[in-house]
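Note that chain A is present in both complexes that follow, paired respectively with chain B and with chain C.
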Partner chain A sequence: MTSPLWLGRYRSAFAVVVSAIFAAPLYLALVNVFKPADAIRAHPLALPLHDFTTSNVASAAQLSLVQHGLKTSLIITVGSLLLMVPLSAMAAYYVSRWDSKVARLLMLFFLFGLMLPPQVVLIPTTVILRHLHLMFTYWGVILNFAAYYLPFGVFVFSGFLRSVSRELDEAGAIDGASSLKVFWRIIFPLMRPATASVIVVTALWTWNDFLSPLIILGAAHGVTITTGIYLAIGTYSIDYGQEFGVMFLASLPVLALFLFLQRYFVSGLTGGATKG
Partner chain B sequence: MPGRLVRPGNDLCLRTIVIGAASETAAVRRGFWAQRRAARARRTSPNLRRWTAPGFAGPATVLYLALVFLPLVLALSYSLTNKNLLSPHSSYVGLWNYHELLSDTVFKQAVKVTAIMTALIVVLPNALGLGIALMLRAETRLFAVLRTIFFVPVVLAGVVVSFIWQAMLTDYGVINSVLGSVGLGALQQGWLDTPNHAVGSIVAVATWQYVGFCAVVYLAALKAIPDELLEAAQVDGCVGFARFRRIIWPLVAPAVTINTVLLLITGFKLFDYVKIITNGGPGGATNNMALNIYSVGFTQNAFGLASAQAVVLFAIVAGLSTVAVLLLRRREVEV
Partner chain C sequence: MAQVEFSEVTKEFAGGVRAVENLNLRIDDGEFVVFVGPSGCGKTTALRMTAGLEAISEGTISIGDRVVNDVPSAKRDIAMVFQNYALYPHMSVFENMAFGLQQQRLSKREVERRVRDIADLLELDQYLSRKPRALSGGQRQRVAMGRAIVREPAVFLMDEPLSNLDAKLRVQMRAEIRALQREIGTTTIYVTHDQVEAMTMGDRVAVLRSGVLQQVAAPHALYHRPANVFVAEFIGSPAMNLFEVPVDHGRELVLDSSERMSAPAWAFDQLSGLSRIVVGIRPEDLHIDRDGGGLQASVQGVEDLGAEVIAHLEAESAVATSRHIRELADELDDPRLVSGLRRAARTVATRSDRVRIVARLSATVRVREGERLRLTFDADKVHLFNVESGLALKRPDGGVAADVRSSLSLMTGPSLVESNG
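Let's turn to the complex of A and B:
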């Protein structure tokens, strides 16, 4: 493939310059993690050469908001996934393998949830959770996330199921295994790439979400890492160095996950988006 | 949609069109068999029986009904009441809340702010994402690294992105200090101080975070364009902008649809940046509908009024994304 002449020869140089400008905020966020607060104010863009320090990260890790937040975010993310992944996989199996009007309507019904802004349903959700005595609890947030991200799971799994041969269903059924057994022993293991994508993308969304934990968990009752950062920086006015340390600690898990599982991010976000 | 690729008055790409048309007929034939196969495949799996099938969908459906669909119905019903968290009793007030909204200047400004920011957020990351995808589509190691860099903001939390940019945008922030130190002090300004600057800054932050996502979707679409089509175009001298306009642009149409719809929804539910960076300011300039629902609902506890706003938001998002899908699907072509 050829490119426009003006770009052809200098293409790499041009791309590097554009990327460097784009990456400037990332560079800023990274170098200032390892500089003392006064150096951040004086020379925000300088590399931490002679004043390299890990004290920002260490003191950020000491903050109870951060410790508590990381723990809570982990519990909520894992809990939401444990609930949402099997439920959406099973529902996807039904809507893509059962031929009826109900199944088709159910698929549309789930798909419609993909475009629902969370703010639309948040107020009534708090009322329902209050009735169930789940407001300000981990379970409340977990159920809210699991329900809200179900459509995404159903969407990705049902897209993937179209490429899974039906003969496997038949083979299992002939052997006389129960429906559930056939699904969990044969079909679900085959959907591993889709499962990986759903897990990675949903984990990212639940870990990064700010609004739901802010309301449902309630700042007075508990914090996730995102509401923890918000409170630490906004309310308790920690110093600049600590601020970058806190953000570093909050981003480390998703960045690590991203760098190792990059292909699942991309296939989950785009494959989930392009199929159907 | 066969024939859509063919545009009259464009002899530059004639041969390409012939090839394109040939592969289209193949596609139609393939499509026919694919449909037949799909129709057959639609038939029930022997693993599901009348009494076991609902068991698969049941748990998910119950959870979804309880915490997504029921809240949506309740939002509609609350919007017809004067429900307030602080008072134990609420009564039916008909369309009063909606009538209130018509004269509510804060709400009307929020609608305007949301419309402006969403329009910009639909266009900017979309256009820049396509540019980046075209720029970085070659399979070299350098470009693979650069593609990764563009995707990093996508995985960061909105809260983190907000605080990084806040450190850059404030009066004594990084942008102004860099401008000062390179002798461009004249360009220093309060990036969050005036309404236009604040809206522009929020849009810039959103663009920065989502452009990598758009680029990835476009890269996947570009990768799917058959090489013979581009080679045939090249043989015909169909290069540069003509090639983009006549071949690449029609073929990335599905990616345009996806990005546009996703950015549309993203724009309407934008919350983290406007809450953290500007808190709706200055003077309500960045107070969008999402943030306004939050303030009216959870600070003023006026659940009835906030629900009416939520219903309006939902109607706009549902209506616009349906229209966007229908309009954009029309110009999608098959290869």
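Let's turn to the complex of A and C:
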């Protein structure tokens, strides 16, 4: 067998081809947002050099469906994060710092949660929500997301906590702080990279989720930007241009969040892999 | 300010490892006690149990008048200085020092006053707004101390606070910490593996080995009246010379086939019935006698330190042995065995099974490598230890048993046992 770096001189060519395949949809979306509708139909692959226009984005922004959808998505995503991040951080702190049977069992429990596909738990979740009279409410969707992504948060935070020295916990305890105080005033501020990556990744998944808002919230009671687009395509006869404008607006918030927090992103996921 | 009492304290870890075994020790209010011993001796575990960072398996620890076994760290009224300082990285020096006071719900003005006072005392006033990563090692160490001092606790606990500093800074900080403690007067438990630190800083020093307290006494007593072979070997640098010799008629020590010396008179009673005894003699108590009596030895190496000369010798005695004692020395994680000369002398001795001797001679004495000479010593400078138990034979002036306190004598001037490093 030849060396792992096979393909030799064709390596770069291969990389370019694969990248092109992955980039193609992105490229299509980006170039066509700024072209008028007929130009999109005529030459979908061309760059918007002669006919650059922002009218697509503008008309999309005026759609009540889009405005409502963005607002709902924002409420649900922020709500889920506000609930999930502190809870998973605290759970991770307990699970990684306390040396007890309960802690170890809990960790296993969370790891199982990580392995569950969302579709599998969606129906049982609706049953629970119905009992709690939370079906077709924002809270229902928020609780669903917070619970579903909690294991992920615990996983990332407990990994990162390995690189936070226990001596800090001890110093805080000796200084007279309760465990809760030690966590919030000393440990949590030191986990910023982990917090940033949990926020970005969870926001991305929550924002883009289609199934949960569709099933739990229901189109009659509210639309997120994802279900909104879906409905828009069928219900209204919008032209291509406006559709692209809608998609563009839908991606913007999470993209902005990512750019804002990106320097923490990678270090957050890998922090704790090696000591210090 | 309070006294600390250890009563039958034992720590057993999962798997049956007993890190601390039946520790009984009373530390008086205002005393500075050093726990010293090789790695794994239990000194840090004992400290952490006092801090509440380790659970106590058996026995009780009391701070002041109350037993603190079940009292959480936050409520024990203690302050700790960690080996790695454990400063809060995201907080400024001021905030680091203020944190503990804020937990006590002190007013903002009081917090500010106390922090600034201590910062002035420790010369940290210009650094109050800096974060720990912008400070040098010595400055961080002072912040760690300041954080402890500012809380005005009943007890200070220090876990090898100087080990991360360079040698020069360490010597300086040793004196500063001791002076500070005298001024403030808080009871202090200080853990170190460095016997020099222990001897220069402690009012009393507790020597531990494998979880068992060997002896606790003022540095002077530890040096001149070690309770057993371990303490004798551990305290003092260069280490005390220890070797086993036969005893004749309970009165004479057989140094060699033709060489004997009379045992000290106080030991006659205890020597009767014993066939062998461990003799200990400090390097500075050995004298060169080129043609008289004494122990015949050959010079393996010479270290000229300017003010004095350290001579490494090998005894040519056929009856004196030190294999048993060398096993003891091997188990010590001895940082003093750094000199390549010593290491070489040791390797040679191990192969030849001869007794190694270290002598401390004045600079005017001339010895050369390879030279053969005789070493003499006074009977009253001799330390005697039982071969089986390793315990010192009792002296008429009382001696010191393992957990009996000697009188509290404060170290004032340069220590008698300062090593030449």
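In this section, the second predicted complex is superposed on the first by the 235 of 276 C-alpha atoms of A that agree within 3 Å, B and C clash if a C-alpha of one lies under 4 Å from a C-alpha of the other, contacts with A are read in each partner's own complex, and residues count from 1 in each chain.
Everything below uses one rule, namely that a residue touches a chain if its C-beta (ideal position, glycine included) is under 8 Å from a C-beta of that chain, and two chains touch if they have at least 3 such contacts.
Treat the numbers as computed from the prediction; the structure is a model and nothing was measured.
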{"item": "First, second, both or neither for A:170, with chain B first and chain C second", "value": "both"}
{"item": "Chain B versus chain C as contact partner of A:190, first or second or both or neither", "value": "second"}
{"item": "Partner chain(s) touched by A:18 [first = chain B, second = chain C, both, neither]", "value": "first"}
{"item": "A:75 touches, of chain B and chain C: first, second, both or neither?", "value": "neither"}
{"item": "Chain B versus chain C as contact partner of A:46, first or second or both or neither", "value": "neither"}
{"item": "Partner, of chain C and chain B, that touches more residues belonging to chain A", "value": "B"}
{"item": "Contacts of A:251 with chain B and chain C, given as first, second, both or neither", "value": "first"}
{"item": "Touched partner set for A:262, first chain B, second chain C, both or neither", "value": "first"}
{"item": "Which of chain B and chain C A:61 touches, first, second, both or neither", "value": "neither"}
{"item": "Overlap of the chain B and chain C footprints on chain A, listed as residue numbers", "value": "170, 172-174, 178"}
{"item": "Residue ranges of chain C in contact with chain A within the complex", "value": "51-53, 72-75, 78-80, 82, 84, 86-90, 99-100, 103-104, 147, 151"}
{"item": "Footprint of chain A on chain B - complex, ascending", "value": "38, 41-49, 52-57, 59-61, 63-64, 66-72, 74-75, 78, 132, 135-138, 140, 142-143, 146, 148-160, 163-165, 167-168, 174, 177-178, 208, 211, 213, 216-217, 220, 230, 234, 239-241, 254-255, 258, 261-262, 265, 268-269, 271-272, 275-276, 289-290, 293-294, 297-298, 303, 306-307, 310-311, 313-314, 317-318, 321"}
{"item": "Complex contact set, residues of chain A against chain B", "value": "1-2, 4-5, 7, 11-12, 14-16, 18-19, 22-23, 25-26, 28-29, 44-45, 83, 87-88, 90-91, 93-95, 97-99, 103, 106, 109-110, 113, 115-125, 127-128, 143-144, 146-148, 150-151, 154, 162, 166, 169-170, 172-174, 178-180, 182-183, 204, 207-208, 210-211, 215, 225-226, 229-230, 233-234, 240, 243, 247, 250-251, 254-255, 257-258, 262, 265-266, 269-270, 273-274"}
{"item": "Partner chain C, residues of chain A touching it in the complex", "value": "165, 167-168, 170-178, 181, 185-186, 189-190"}
